[in-house]
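First comes the structure, then the notes that go with it.
For reference, chains read A, B and C in written order, and residue numbers begin at 1 within each chain.
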Amino acid sequence: MKSHTKYLTFNTPKRRTLVRITDEAAECCRDSGIKEGMLLVSAMHITAGVFINDDEKGLLEDYARWLEKLAPSDASPDRYHHNRTGEDNGDAHHKRQIMGREVVVAITRGKLDFGPWEQIFYGEFDGRRAKRVLIKVLGD
Amino acid sequence: MKSHTKYLTFNTPKRRTLVRITDEAAECCRDSGIKEGMLLVSAMHITAGVFINDDEKGLLEDYARWLEKLAPSDASPDRYHHNRTGEDNGDAHHKRQIMGREVVVAITRGKLDFGPWEQIFYGEFDGRRAKRVLIKVLGD
Amino acid sequence: MKSHTKYLTFNTPKRRTLVRITDEAAECCRDSGIKEGMLLVSAMHITAGVFINDDEKGLLEDYARWLEKLAPSDASPDRYHHNRTGEDNGDAHHKRQIMGREVVVAITRGKLDFGPWEQIFYGEFDGRRAKRVLIKVLGD
């Protein structure tokens, strides 16, 4: 069994951004030399997520508006008790639960085994500081 | 280390359907000959998902109504900018984020290591065309 | 390839509780002797979930209130057809879909490869009876 580990660092200029990271994951898959296995991509911070969907500008706008509706930004400690700690990012912890922390992707014949439109995204919900994503490959 | 890969194809007559696929996953587990490992089941299309819950008719109706409330069907490009592309399935991309893209199931002593009520479902949110699900088994 | 399996049992006095289980997962990682691999933690019951986020009291209260808003408790069969079966836990099946059934964690150099604040939680949404969580470790 082989394994391979890589860390990506993001420091997004905007507080909330969705960043396509399929190429970084594919590169990690190639570097691993693994032909059959699984690749895990996970956010290492709890106000960010990783998900797979379409790389379409309108959809990414839709997600941003939808998440704002499901878990509105609100720095006050009334809506989010979490903000009693002095934080103002309670909403980000909720947005990430909707979009997910991690994805697991199959590797088949040395490649990410994707359908036609699958793209991996890093979902940053409280950026403007360095945050990491882990990629782990396991297989043979 | 052994691995085994299988693709299922669904072409559901209705736009939205929840289809139980536990038997297909269990068959793939048996075919792999793997005794200890993990099984990944993932939707290969971004308007469909895979999740684990109860095979109970009322609950499946509840999920359908609930998803419709959280991400209503609406072909117009006003609610979903994604529909500016000419698509009318913006809602399906959102419904799938709630239910999830994939599940990872433990294999123990050659079987899916499930609790008493766990059943795997394919969640189709924009059907009436051929779409694929991937099953990948890894282990020994 | 090595593997290791462990089952945890929870019988929470309250119907809804979020329980930190990072230490149990870390212990299972150590017991496995696996240096490079993946660890799966999954709820074996369909009215409970497993997720990773911050161990902060205010945030855990926020999640409880937020889930109640997204999927309100309601024993009647009107809101949840699932309750026509005689059950009263339709809401719990929905809450678990939001928070997730499982997490997959990378193991690197023999340890759970976590960011600074990542903690694993068992999310119980219909407790007061014995329910199990599965931990499976795979790697070398």
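By definition in this document, a residue touches a chain if its C-beta (ideal position, glycine included) is under 8 Å from a C-beta of that chain, and two chains touch if they have at least 3 such contacts.
Fair warning: this is a prediction, and the values are worked out from it, not measured in the lab.
*Asks:* If each protein chain is taken as a node and each touching pair as an edge, is the resulting graph a line, ring, star, complete or other?
*Replies:* Topology of the interface graph: complete, with all chain pairs in contact.
*Asks:* Taking all residue numbers at the chain B/chain C interface, are over half used by both copies (same) or under half (different)?
*Replies:* The interface is built from different residue numbers on each side, given that under half of them are used by both copies.
*Asks:* Averaging over Cα atoms per chain, report the distance between chain B and chain C in Å.
*Replies:* 20
*Asks:* Can you pull out the residues of chain C that are in contact with at least two other chains?
*Replies:* Expected reply: 1, 38, 70, 98, 100, 104, 138.
*Asks:* Touching residues of chain B toward chain A in the complex: what are they?
*Replies:* Within the complex, chain B contacts chain A at residues 1, 3, 5, 38, 40, 42-46, 70-71, 77, 80-85, 90, 93-94, 96-98, 100-102, 104, 131-132, 134, 136, 138.
*Asks:* Chain A touches which residues of chain C in the complex?
*Replies:* On the chain C side, the touching residues are 1, 36-38, 51-54, 56-59, 61-63, 66, 70, 98-100, 103-106, 108, 113-118, 138-140.
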